[in-house]
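Following this line, the structures themselves.
Okay, so subunit A shows up in both of these, paired with subunit B first and subunit C after.
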Partner chain A sequence: MLKYFFKRLLVMIPMMLAISLLVFGALELTPGDPLTAQFPPDQLVGMSQEDLDALREAVGLNDPMLVRYFRWLIAFFTGDMGYSIQTGTPISQVISYLLPQTVILAAAALLISTIFGLIFGIIAATKHNTIWDYLASVIGVIGISMPEFFIGIVAILIFAINLGWLPAQGRGSADATFIQNLRYLILPASSLGLSLAAALTRYTRNSMMDVMNQDYVKTARAKGLSESRVFFKHVFRNALMPISVLIFLRLPMLIGGSVVIEQVFGYAGIGNRLLTAINSSDYQLVLTIILMLSFVALLASLLIDLVTALLDPRVRL
Partner chain B sequence: MATEYILEINNLKTQFVVRRRRVVRAVDGVTFKVRRGKILGLVGESGCGKSVTAHSIMRLLPKTAVIPEGSILFHPEGGESVDMAKLNPTGRKIRSIRGNEISMIFQDPMASLNPVYNIGDQIIEVLREHSKITKKEALERAVRMLELLSIPKASERIKDYPHQFSGGMKQRVMIAMGLICRPQLLIADEPTTALDVTIQAQIIELIKEMQSEFGFSTIIITHNMGIVADMADDVAVMYMGKIVEFGTKEDVFLNPLHPYTQALLKSVPILGNAGEDKLIPIRGVTPDPSEMPPGCAFEPRCDFATEACKTCVPGRVGVTDSHIVRCVHCIGEKLDD
Partner chain C sequence: MSENKKKIVKSSLAKENFYKLLHNRLAVLGFMLMFVILMACILAPLLTPHSPTDLNLRHMGKPPGGEHPFGTDKLGRDVFARVLYGGRISIAIGLSGALGGMILGVIIGSFCGYYGGWLDAIFVKIAELVSVFPQLLLVMVMRVILGEGIKNLIIIFVFTGWIATFRLVRGRFFSLREESFVEACRAFGIRSSSIVFRHILPNCLGPVIVQLTLNTAGFILQEAALSFIGMGVPSGTPTWGNTINAAKELLNITNYPWLWVAPGLAIAFFVLGVNFFGDGLRDVLDPKQQ
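And now, the complex of A and B:
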């Protein structure tokens, strides 16, 4: 098991390098003076052309591309990600401040959709071809087909404006505790997670029904096990394998979806910042965020492999 | 109360409600008895209701199935008789019998073991369900059982997963699982159909060996006449949900009376009987179980059919004490259904 884990981890390294090379290449192609992305703007103000040239030589901007790539990579991993051209703040600071907020949002969406998707899927499977099954299917189709921003707007209209139960915008006050600010998370996380919950409901239902018809479930019943033991020990664990893959595959999509949802809910997160950075051609920031998000996606795929291996002994070979 | 029989099935009917309220009578008035310590072979072609009969005994039928009539009397040694047909299929009583007093082995060993648990887990699961026993003791018993079933290096292999076993080995694991609680009745539902011929013979030998070792009674369901001839004491021939002929092996093989049994024996090769006789197939196809002919179900395919066969369903006729046939042409004592 441990061996398998390290194997997967090793496979990730070349992938990460490939992605970073792509991002670095894109950075090379962006217009503008790379110096502005490496130093705070107030330091560069008032410098003469000779001074700038000397500085360029001194920090190695005239070195071969591969050398600059590795220097950039090392700097990236030691937390020196350069400066936002637009605001002049260090990018590492922007990311360390905003990325956790987006991760919290995506994790909350993942949690909500997993819980509801599994519950509704199990109900639909165990009571298949009844009114509950049809209801879950209809809600599922609606959830899958509606775009997130629309769900978000409708949710604001109903729960924030008409009913007044939950706040419509923002992330809460900085002084309040995480628990107190939790109510700000409910609407954006639910809107973001709805389509995953709907997909999971369908997926769980089909996976459950597939497993329930397997011969080994009949074997389990023939052993004299109780229905709940048959379900949790023999059906659920097998049904969980394809479901867990879907859950983690959707993780990067949730982070992508947060770009839109953060905009709708005025939620200060990395997705929101990415959009403003794109609008102001803040390339250094845009590409750094994209690199961070691709690492999250890679991490998610590592998680898929791990969970699948934990659930299914056939994968560990 | 120890009677001569371990299981008595009387007029059992199992029906499936399919779309548009149509009813399929998969088992339509089955009556037979299983003698204690003996092997009963239940034969018939695909779809005749053999498996449904077995699943009815274990009450492992899908939710769409109902048992509107009939009884399945189980007489365990040193216990009270139970009518399995009356039990709640998910209740406590049936669960205490399943895997413990009556075990079942299924057709496809590849699909019958859960791929995510190792075989040790799966074998001791049934043992620990029915008796208070520590995990260590249970594992020791499982290893001994596997050794008895000639699985090499059983104490190591017990930690292996089903995908690490071959088909024949998996069926041995299934047999171990079925026998570990020392059941009084073993139902083997086509235990060799999914295996290749050489392995088939080994599994059949193994079941016979275990039977003489532990003395349990067996119902072996098969469409293979050779297996029946090889191991059964009694034979029940099933056609379209009914037992058309029942008797000892000698009754059925040496003096087959029902035209279906006769046709069946002529249509399959029996080992050691090669050469002279040409195989004769049974003409026609089995009728649609939801649109059965009004008279004898075999009438459309029968060479001896008369007008009487078209109108009335033949009753059970006892030709001798042990030999019972459902055919209007047979002469003997008329029995109840």
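And now, the complex of A and C:
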């Protein structure tokens, strides 16, 4: 298992490098003086052109691109990510404050959609060709077809405004505990997770149906095992394989989708900040956030990969 | 779409598939949904006298009814006209992005699948990289580089949308290139390009077409999401996403529901239609994938 973990980790490193190279290239192509991104704005105010040029030479902005890339990468990993041009705050501070919020949102969406997707999928498979099965598949297709922000708006209208059960906007107060602020998470996380839940329902159903027709399930029944034992030990565990692959594939979409959902719910996460940064051409901040989010996506997919390997020893080979 | 079908009906397998599709109720329903919305968008000038961009300051924020069946927005633009004309652009973006991605995926996939080797290894790595990168973020990176605009959005969709088709085609080629009919072609001295495109490729087209429908649906959703957050089509152009944009303000959600309900439902119904139709197509063209 440990060997497999390191193998996956080794595969990830070139990917991270490739992504960072892409982001660095984008940073090079965007307009703006790189100096302003490296120093707090008040430090640069009042400096003459000569001083600026000297500073540029001193920090190595005139070095070859590859040298600058590696310097930038090392700085990134040591937490020195430069400054936001717009507000002058260190980017690392912005990220450490807002990124956890987005990760919580995406994780909550993943949790909700996995639970509901599995439950509905199992119901549809065990009661297949009944009204429940049809209902699950129709709801599944509808869930895939609606834009997630539209679901979010409808959810605000119904649950926040008309019924008044949950707050429509925001992230709660900073003084309150996590549990107290949980109310603010329910609507955004469910809207974000709905399409994944719908896809999971479909996948779980089909995957369960496939496994239930296998010979070894018939054998297990023939041995006289109880129905619940057949179900959990033989059917469910084997059906989980393709399901975890689906989660693996959809994870990046979940992280991208959180950017949109944060807009709908005015949720103070990194995605919201990303959009204001794009609108104010704060490219250093934009690309650092994008790099950070793609690393999160990579790490999350590594995690799911490991869970899959735990479930199915064949993967480790 | 209908012309395409006429051509296929000539061969008997295709005829059989066509009847199978006709008997799939969800697929027919999906096709009708798609067709009705598409036709309404194409025939927009016949259905509404209003322009999607003309401001009418005397009719600002009017609820649905009378002259304006879906009401007007806060600048007095007719929402029905915006949904119809916006559909033209949204569907065109989704379809051309998916078509471009399909062509790119088919070309790269068939060469990689047929020849294998280092070229194949490189593209597999690129595909893996693009698929772990959250697509929306990739779109943003490219938007930062390329700038705003419909053309750029389509380019971005093409460059992010070839992966699934590439994987499909490449996989099929790997097994098909070992088949005896390919060997026979080689023995006859047929050129490789002809073997790839005329002999092997037609055998992979079923799943590719299914993927095309899925991608079209996906890109229409993405265009809407991107325009909604102000990252997609420039805000002056009417698209489904730009029209829903009004719902970003909490007040509009309750006080002006017609601003966002109609375009939202238009997207949902169209994408639903495409998905139902795509599912039906899959059952017929690619029974193994169910």
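In this section, the second predicted complex is superposed on the first by the 316 of 317 C-alpha atoms of A that agree within 3 Å, B and C clash if a C-alpha of one lies under 4 Å from a C-alpha of the other, contacts with A are read in each partner's own complex, and residues count from 1 in each chain.
One rule holds for everything that comes next: a contact is a pair of C-beta atoms (placed from the backbone, for glycine too) under 8 Å apart; a residue touches a chain by one contact, two chains touch by 3 or more.
Remember, it's a predicted structure, so these values are computed and weren't measured experimentally.
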item: Fit or clash between subunit C and subunit B when superposed on subunit A; value: fit
item: Contacts of A:312 with subunit B and subunit C, given as first, second, both or neither; value: first
item: Chain touching more of subunit A, residue-wise (subunit B, subunit C); value: C
item: Angle at subunit A between subunit B and subunit C, C-alpha centres, nearest 10 degrees; value: 80
item: Contacts of A:119 with subunit B and subunit C, given as first, second, both or neither; value: neither
item: Subunit B versus subunit C as contact partner of A:73, first or second or both or neither; value: neither
item: Touching partner for A:301 - first (subunit B), second (subunit C), both, neither; value: second
item: First, second, both or neither for A:226, with subunit B first and subunit C second; value: first
item: Contacts of A:238 with subunit B and subunit C, given as first, second, both or neither; value: first
item: Which of subunit B and subunit C A:47 touches, first, second, both or neither; value: neither
item: Partner chain in contact with A:153 - subunit B first, subunit C second, else both or neither; value: second
item: Three-chain overlay, closest Cα atoms of subunit B and subunit C, distance in Å; value: 16
item: Subunit C to subunit A touching residues, read off their complex; value: 128-129, 131-137, 140-141, 143-145, 217, 221, 224-225, 228-231, 244, 247-248, 250, 253-254, 257, 260, 264, 267-268, 271-272, 275-276, 279, 290
item: Subunit B - residues contacting subunit A, complex; value: 58, 60, 90, 94-100, 103-104, 106, 108, 111-116, 118, 125-126, 129-130, 161, 163, 174, 177
item: In the complex, subunit A residues that touch subunit B; value: 214-216, 218-227, 234, 237-238, 311-314
item: Sites on subunit A touched by subunit C in the complex; value: 15, 18-19, 22-23, 26, 29-30, 141-142, 144-150, 153-154, 156-157, 161, 168-169, 206, 249, 252-253, 255-257, 259-260, 263-264, 266, 274-275, 278-279, 283, 286-287, 290, 293-294, 297-298, 301
